[in-house]
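Okay, got some structures for you below.
You will see chain A twice below: alongside chain B first, and alongside chain C after that.
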Partner chain A sequence: METNNKQMLFLTLTKLRAWVFLALLLILFEVWSHTIYGRSFLANPYNLKSLAFFAAIPLLLALGQTFVIISAGIDLSVGFIMGLAAVISAKAVAYFGAMGLPDFPAVMLGIMVACLVAIIPGIINGILISSLGVPPFIGTLGMYGVARGAAFLFAGGMTVSVSNSILKWLGNGLIMGVPVLVIIVAIACIISHFLLSQTRFGQHTYAMGDNKAAADRAGINTKFLTIKIYALAGLFAGIAGALYTARFSAGSAQAGEPLLLISIAIVVIGGASLFGGSGTISGTIAGALVIAVIQYGLVYVNIEPFWQFIAVGIVIILSVLAEQAQSKLWGAK
Partner chain B sequence: MIKLFNRKAKALLLSLGIALTSTAAIADNVKIALIPGLTADAFYITMRKGAEAAAKAVGAELIYQGAAEWNVGLQVPVLDAIIARQPDAILIAPNDKDQLIEPLKRAHAAGIKIITVDTFIGNGVYQTGKGDADFPMSYVASENVLGGQMAARALAASIGEKGKVYVSSLKPGVSTLDQREQGFREEIAKYPNIEVLDTQYNDQDPNKAAAQFQAVLGRTPDLAGVFGANLFSAVGSANGAEQAGVAGKVKIAGFDAPASIVDDLKNGTLEMTIAQHPAEIGYFGVMAAYAVITGNPAPTKIGTGFTVMTKDNIDDPNVSKFLYTE
Partner chain C sequence: MARDRLEIKNIAKHFGPVKALDGVSLTLKPGECLALAGDNGAGKTTLIKVISGVHPATSGEVLIDGKPAQFSTPQQAREAGIETIYQDLALANNLTIGENIFLGREPKKRLWGFLPILDRKKMAEAATNVMKNLEFHTDRLDSPVQAFSGGQRQTVAIGRAVHWNASILIMDEPTAALGVPEQKKVLELIKALKAKGHSIIFISHNLQDIFEVSDRIVVMRRGKVAGERQIADIDHNEVVRLMISG
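Now for the complex of A and B:
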């Protein structure tokens, strides 16, 4: 009985490991900050706002990646789809502005165009994987190149700058002290959580990731489901790209390049298995915060920057080890 | 009579001159190739313009071919294709200082003169008779150490020569960025009231550069300035300053000058930027190539200059002409 309780506790901890990591990190930096500066790390609105800002765009990319990874896939193209959307949104907003549209409709139309364009490579990814039998790793690697090239072509190899007050507000403004960017990403998190946990689409995603043959036998249209999942990842990458442009008033083809591996790391730290079938949005949120806190915190306490890589790497390894232990002790999931 | 003689002599000299030029015109069908570090980059696009101007001036043909991204595996096939076209000289921005040595040796063995622009092979010191990477004839590039020094002086002036500053850079080991940082640190050390904090590396992610700025500001409320050793670093740091509500108060100096920099300077995002002169690199690269092809000596190292751009001088055509253009 007592062993059972201990086991239950361990199981809960491994399931919530991203939040456990986050709590441990926050305690670490809290103590550290008190020791060297004599002030709090957490009870400091400035730090909280900076962290939320830092985590927002990578988290957006990771939300789409969460669906993909739960379905036992991987999307290597999200980084450059984000870059493509960043360039397209900059060009489109500037274009609609030049046509004489006021700032607000120009931004709305521009972002819509960017998102529609971003969904296209997602749909193609889905078709390649579901109907043509291309492994996700290879199919999306191909799209990684296509989206990258397309983004550079559209941009003419340059950074496309755009000046629009509403766009700038989306990327940098505040609503009652909370960054607009963070509010948008929070809404995206709520919608994603709802989709994954409350809808048939979410259930089917888990089912397909768990056992595709069984899902097929159960009558799930896994082909269409796969296309929807990758289209969703494309859409999130599109929003991320548009928000990047909003934030820096310029779209760059390589905007998402450094974020691709980060997005996968976030999902893995968040507790999803790369073999599919498990993962949650709340885990992904924690994963994004873990990476942001490590990178921000180490600069804050003035540690040699190269420790960031080591720290993030260790957290990824620990996270996967925790998952291994979990599935060994209690069987898969 | 004497006048007439003079006129005749002049005519003679003149025709002699023409004859001389036409002997030099053995090098009439001079073919010079320019291989940029990557094609999709305003810096190299501007360099190509300078190279074309020089090629036109000496009547040479310029071939421009490159790979879409910075990658040795992509640059070498382009180089091999260019060697097959047998140009008289190749101007190249090598993607790696070691891995391009052997491929360029093949070009050298085929009798093609090599000149490196912007980046170099070996240690960048050529024609010394030492080592296996001394065969290029010349290295034409910005004096990045000097660029860093200019940034240090300009930033120091804008913060009243006192306070804390740090360098924001991509990652360690990029030679040009390391040299800019070195120049910046050397020069800023001459200001006793300026303290330089640890360098922050952002992996080409402006979001990270912004967060690093906020974290440094969080622990160093009296931060006075940042030197972004490239544009991404500068723009990212500037965004961090905006988020933290210290835009314009903490001065950000950038490096490089694509057309979009004009807005950043005018709206105060960046206090200043150090513009390289890529057209100058292309121009003098071609001139050096033409010199060695026609049997004339050329300097083994040509350093090109910089222009400090600020909100106040960017409308001056003598300054704005150094913006990188498509």
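Now for the complex of A and C:
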């Protein structure tokens, strides 16, 4: 079972594949931009800021999805939990504002309410899966419907607009040239990375995702762990919804609809296996950037937007192929 | 005579109408290896699951060092010094040896004096020590255990029990998934552990293995003890006779 240098290099490359994709894409668009516009794609603050905005909210959803997928689950409900949270945060901020609260506390309270509401479907997902034995795909598909209906009912079928200076600043303001939204998502990334790599919670998530029986026998409370993981996914979806409302000064039930599949794609491109047990936050960050670069880059070079779907699809397939090549090399006994 | 490390009295375990265990009693002495034999479905696995806190007993009593013990979770059994090793290698294959040894009991330290984080260094050091004691030599202590062979992984599982200084090790067909050389290695390990004073319950369908490492044998049949002998006082035919006809 000797792994020679070539294999080692290949293993490292497949593990870091999201970063490799990202580098290749950046080179592609850099060259493309020089060819058609005669200027740089990357050395352009406007492009960088736009990329960061593009990546931020999908990345937030993908952070929660990363924990879920590592635990060998899947969460199909995060998109509409985000929509629900977007609507609730718009309504709640407006409500607290109308009660006469100044902008800042109104926003804080409003976002807190939205996050609390978003955690509830997450907890229910966790209970369905861990205690009632519902497969994650089915349980969260059910929650997808429930959250979707609730979001539209709360919104009364409309977009709920809200006007609040602090909220607007959260979604569009800059701190030393960096979007506040991006700073918030960066903090979420750091916390997620810490949880996953430095705590028992993260360690047990990996163990359960690889071998639930082993985790149970080791005395890990896998039921409670599962509930915590889906609650966390709900919480991130809640924050994503609130930030969506902050960005557009309006909450929409459909805010997260296109982001559900994107969130899963990000995690998979980032190197996680849908069978569970593997994945990292840094991979997920790279995955989010890959998708953002494809989406924004194609718009930037004036390619019809439908090509985005094809490009993202191809990257997902390549990523899974790399994953299989990797497990063949590893699994070889 | 030394006091029994483990004594179980009249244990019954019913799954609905199925009497998987029907009044089983046995004892285990310090430093003794007790073989548990019996045909498929005799109740061996169920018995050790009761002892290790996976299943609550329907009735009966478990005593450890003379004191009554009732475990409702595997965690409680482990805290009382009972470690169980299964044939299907209860390891998380994506984690390292150290992480597996500490799974569910990870040591923590404080980052910058306040932030609790996993103490990976401690886990790696313990892994190095334990594996050295079991004569398992590898320079890949930071690889996930999926990179190791079945026997090496079984050694990791045993290493976990050794690290936590289990006074009672229960092994349910620990060699069943292994090739012949690796089976030998595990049997050698069992002898070494016995010599160090660990008490062992060894379940196997392989009579040769049983005769090689055990001091005493309990044969089960349909949820009952069909017979109990010192290994020196019994031969293969007699064991088979007990297994089949009680």
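The rule is simple: the second predicted complex is superposed on the first by the 328 of 333 C-alpha atoms of A that agree within 3 Å, B and C clash if a C-alpha of one lies under 4 Å from a C-alpha of the other, contacts with A are read in each partner's own complex, and residues count from 1 in each chain.
Rule of thumb we're sticking to: contacts are C-beta pairs under 8 Å (C-beta built on N, C-alpha and C of every residue); 3 or more make two chains touch, one makes a residue touch a chain.
Predicted model only: the values in this text are computed from it and were never measured.
In the superposition on chain A, contact is made by A:A215 with chain C only, not with chain B. Once chain A of one complex is fitted onto chain A of the other, the partner contacts of A:R247 are limited to chain B, with no touch recorded for chain C. When the two complexes are overlaid on their common chain A, residue A:F53 makes contact with chain B while staying clear of chain C.
When chain B and chain C are set side by side, the one touching more residues of chain A is B. In the superposed model, A:N172 lies in contact with chain B only, and not with chain C. Contacts of chain A with chain B, set against its contacts with chain C after fitting on chain A, share not one residue. Interface residues of chain B, counted against chain A in their complex, comprise 39-42, 45, 68, 198-201, 203-208, 210-212, 214-216, 218-219, 231, 235-236, 239-240, 242-244, 258-260, 263, 326. Those residues of chain C whose C-beta lies close enough to touch chain A in the complex are 54, 73-75, 78, 84, 86, 88, 90-95, 99, 103-106, 108, 111, 116-118, 144, 146-147, 149. Per the touch definition, chain A reaches chain B in the complex via residues 37, 44, 46-47, 49-51, 53-54, 57-58, 149, 152, 155-161, 163, 172, 179, 244, 247-250, 253-254, 257-259, 292, 295-297, 299-302, 304-305. The touching residues of chain A, counted against chain C in their complex, run 1, 194, 198-200, 203-204, 206-207, 209-211, 213-220, 277-278, 330-331, 333.
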